[in-house]
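Shared between the two complexes below is subunit A, which has subunit B as its partner in the first and subunit C in the second.
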Partner chain A sequence: MAEVPAAVSGGWAPVAAGLLGTLAVAAALLDGALAGRAAGVRSGMGRSAGEVARLLRQRRRTTVAADRLLWRIGGAGLLVMALMIVTVVPLGRWTLFDLDVGVVWVNALDVLAWAFVWLTGWGANSAYALVGGYRFLAHGLAYELPLMFALVAPAVAASSLRVGEVAAAQQGLWFVVWMPVAFVVYCLGVVAIAVWGPFSPALGRDVAGGVTAELSGVDRLLFLAGRYALLAAGAAFAVPMFLGGGAGPLLPAWAWVLVKATVLLAGLVWLRRRVPALRPDVFMEVGWLVLLPAVLLQDLLVAVVVIGG
Partner chain B sequence: MGVSGALARLATRHAHLLVIEVPGHWLTRVAVERQAGVRGWRLAVSPADADILAVCGSPGPELALVVANLWEQLPGPRARIDVAAPELVAAALDQAEATLRDTPRQRRDSAGRDGPGRDEAPGGDAALAHGSEDRDGLEMDVLHVRLGPVLPDWPAGLVLRTHLHGDLIVEAQAGVVDVGQGGLAGGAPVVGGDTSGEARRPDAGELAAQRCDNVARLLALAGWSDAAGLARAIRDHLLIGERSAATTELARLRRRVRRSWLLRWSLRRVGLLPSDELARLGLAPNLTGDVWDRLNGMLDRATIAAGGPAGVAARGPAGVAAGGPTGVAAGVPVTPPAAVASVVSGWDVATARLIVASLDIAALGVVTDG
Partner chain C sequence: MVTHLVFWGLAVVAVLAGVAVFVVNSMARASYSLALSFIAVGLQVLLLQQLYVGVLVILMMVMEMAIMAVYMNMFMGMNPAMMSMNMVHGARHALPVSVGVFLLLAAGALFAPWPSRRGSLPEDVTAALGTELMGPKMLAMAAVGVVMAATIVSGVVLAAHRTRYDRFGDDLRRRPAADPQPGGVGR
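This part shows the complex of A and B:
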């Protein structure tokens, strides 16, 4: 039986940040390689390094009558959000922050994406960035409630909001097996808060990059890094919630957490290039008429099983 | 110097270009896109995202003003190149690379710009946002936004002056930059196509390539980057005369597009144009249906044109290219800008962009009604 993870000292926080950073860099490298392959360029892996060099060398800029403070807060916020999410993700036997309402903590943080992406779009005082911001909010209206109810399912099944206990409750049967709807909806939510792939109309080409239209230099770097970090943090959080935490043969628990997170992350990165974008107005219908009822039924099923069993 | 030199080299290898097509120079633009891709460079979506401003063709006075304005918005390090013809692209890109890599020169450029070290983007979009009005009893800000002439995947030279409620286009007027600088097609003044050389008729391969270019734009706007990349690759095959590779790939692209239920679901019911509406607006009759139908129509026309001139006569059944004037024999169809303005009104910006891209614009007519 896996024990419930114990909180370690805050001095380990840089290690957690480093692991998140490594996952995010791996995601960026993979994305660069996939983009390079699609474009028929050899140096696919070097793309992300080149992009970082380019943005470090580039000057920051501002626009006329920009709301500088809010704009910069939005741009840096995604990265902060991702870091705060991983504080409650147990790495095998250790966790940074053994919060008794860890699931709610993550849920509260993912809502912050609304503020940060919107502020980045709004602060620039540019029409295209603003339109990008609107689009993100429209997506948010459709994905947020299903995402919340998706997080409810594992918590109900484990009868706990403590992330470590949710992971420990999956001995024998991972939650992803008997709550696949909640898992899929959760993954959609992660992709959405990272403004990734099908949820990227907020950064659309049609509005000159939308939210990012006016970002340059280190500001753009922070925003883009924040997206990768969010994707990585979302994949990491899925491990204790749906993928059995550190459970697995041979390898130690902490290694299994990293392996599972990496595999899920790779899947999410790969998804980006494979599917067209989901138009916010169309996705609104799906969110409310399909995803929300489906995930509520999933919750009901889980609740019945828990009470019956 | 060592570190900053290495940084400069690495950064320059991954430069982003903002490509501006002067109407009539699409072949030059395509050559820039292709050769930039070979170098591992990427296309920028906005001036803030760009290191290189590549102007394809020589802009008229109106577009020159826009270009100057955009140039000021490039954050820097920056380089500007003017490419007059497809064969000059390689040299121009080399020159841009050298300029970007030249750190002392970039430092001087940066020091010479307005603002104490920090740049202001003059003439930014702020000037466009003003006023507020009532709509359905709701207090709504009305934004006056000019879409174009420089936007990713946007018809060259087209400008839509829109009134936006949020991101809903409530009203639009169309214009074309530098009217009078364009060429002639069928005796009427037009803007677009390729007029860089002689006023010649494009051959079938070129027609097919242009359809593929328009398909790539629509797919890119729909957010499907892989398929858009494939369409661009087909376009490039067609332009360098690799007809058989192009037709194989084109068949693959058609299959992929037809099979994507997500794309179909996203493009269905958008921008429905019945045939009487098309006739009223002066648009080609083969543009009936919604954006999804028109995407498939474009792919069909590309396939027919790629089959060669003989193939058009032999394999152009009524069901495929339903009487459109887009066959090789008919030359390039001309899209009236007023029609574009009319079809986007009432849609949000995202859908409006899809609709514009679905019109398969080859050349724009000159606005006569102001």
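This part shows the complex of A and C:
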């Protein structure tokens, strides 16, 4: 299991995209089922299919003097981000893009959420959408630095920024076991870039849907699909970073990667109805005074263990 | 060959996006044109095999431009409907000067006698580049980074108009603090 994955030809990219899509659809179905259960109806799973059909047929809503170029870029961007993240996630023995700075690559991509979510809010030329965009950025100011330092911990422990080597360095002991703070902060960051659950005030009902207030039809579909895809990509990237990569009994490595990613993804989807929304102003202090020092201490601990051991 | 084409293509994108910064009429478009220009440069650095530096250029610049767009839009009270901004100030002098500087630097890059590679690619190009640039002054430069961060924090603290006396009262005993915007951890 310690072997470092080898890069496969770019022709496999559609397969990776298909796997990501499958995970995202599964997340949407699960969310529909959970929503149905919460509402007390049985046919919850079909909700997302119905919503897709509705959005595909819906006519585009237009707003006065919208910045259409930036609006469309923002709306489609989340999905692109998710696709670019999974290029460096090894699936057992294979990886699409064997970048020796893969961890920084993912970090650079998660920063793009700042641009895309805000641009989606900006482009519509609608007050509520812009309020939503600023809410996201207020969250961003609080989650981004802890997220960056959370990604530092596994990289330091593995002495490598190559995702495959980080996964291979977890023989025997998964990083999630001895760096739980970094893992929790990382998961929080994934939930945040997907504007999911506790970080959904940017799409809040109190601001008429926030960033999504004026999104309709295919644009809305792309944005929502991008959120599910980001959750899926984040869960998939956690597998080599914290959950031992393809390590596990009986099943082949690629299957274990998918199993772990699916389980984590299901957990993140489930979280949506279990955790209250975090107000941006309140979370700002939590991020800087609790999460950042905690994750810095985690990094220090990891560095000491690596140097001492 | 393909690498050369991509490199020159990215160079054209970088320059055109840089020009667009001064042509478009909203701060959001100007900021993200600049971000696009930097991303093209970052991709060029990736083509030069400096992977870490290249990815880092993209990371830092997208984040900086996102922050710039936000603050500039807030301070200027912009929205997409009233695009009437002009990024060029004092155009009569600024334009010839900037075009001249661009041509000078571009000419320097094109006509300088670049050395050909001696030896082979080092194992860790990022470390090799850092050693080449900083040499024995690496420790000093690393310390300067921390000093700069501390300077920024002190600057913000000094510039903030509310002090601890506003928060905790004249004897610093008021609890909880009187903040116009209550925080999340109950200080």
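Heads up, the rule we're going with is that the second predicted complex is superposed on the first by the 308 of 309 C-alpha atoms of A that agree within 3 Å, B and C clash if a C-alpha of one lies under 4 Å from a C-alpha of the other, contacts with A are read in each partner's own complex, and residues count from 1 in each chain.
The rule is simple: a residue touches a chain if its C-beta (ideal position, glycine included) is under 8 Å from a C-beta of that chain, and two chains touch if they have at least 3 such contacts.
Note that the structure is a prediction, hence the values are computed from the model and not measured.
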For A:281, is the partner it touches subunit B (first), subunit C (second), both, or none of the two (neither)?
-> both
Scan A:289 for contacts with subunit B and subunit C and give back first, second, both or neither.
-> second
Using the superposition on chain A described above, determine whether A:56 touches subunit B (first), subunit C (second), both, or neither.
-> first
Of the two partner chains, subunit B (first) and subunit C (second), which one does A:213 touch, if any: first, second, both, or neither?
-> first
With the two structures laid over each other on chain A, which partner does A:119 touch: subunit B (first), subunit C (second), both, or neither?
-> second
Now for A:273: first (subunit B), second (subunit C), both, or neither, which partner does it touch?
-> first
Per the overlay, which chain contacts more subunit A residues, subunit B or subunit C?
-> B
Do subunit B and subunit C land on any of the same subunit A residues, and which?
-> 64-65, 125, 130, 134, 279, 281-282
Write out the stretch or stretches of subunit A touching subunit B in their complex.
-> 35-36, 38-43, 46-47, 49-51, 53-54, 56-65, 125-128, 130-131, 134-135, 198, 200-201, 204-209, 212-217, 220, 272-282
Within the complex, which stretch of subunit A touches subunit C?
-> 64-67, 69-70, 99-101, 104-105, 107-108, 111-112, 114-115, 118-119, 122-125, 130, 134, 137, 144, 161, 279, 281-286, 289-290
Touching residues on subunit C, where the partner in the complex is subunit A = 26, 28-29, 32, 35, 51-52, 55-56, 58-59, 62-63, 65-67, 69-70, 73, 79-83, 181-185, 187
Touching residues on subunit B, where the partner in the complex is subunit A = 4, 7-8, 10-11, 13-16, 37-38, 40, 45-46, 48-49, 51, 73, 75-77, 110, 118-122, 124-129, 143, 145, 151-153, 164, 166-167, 219-227, 229, 233, 260, 262-263, 265-266, 348-351, 353-354
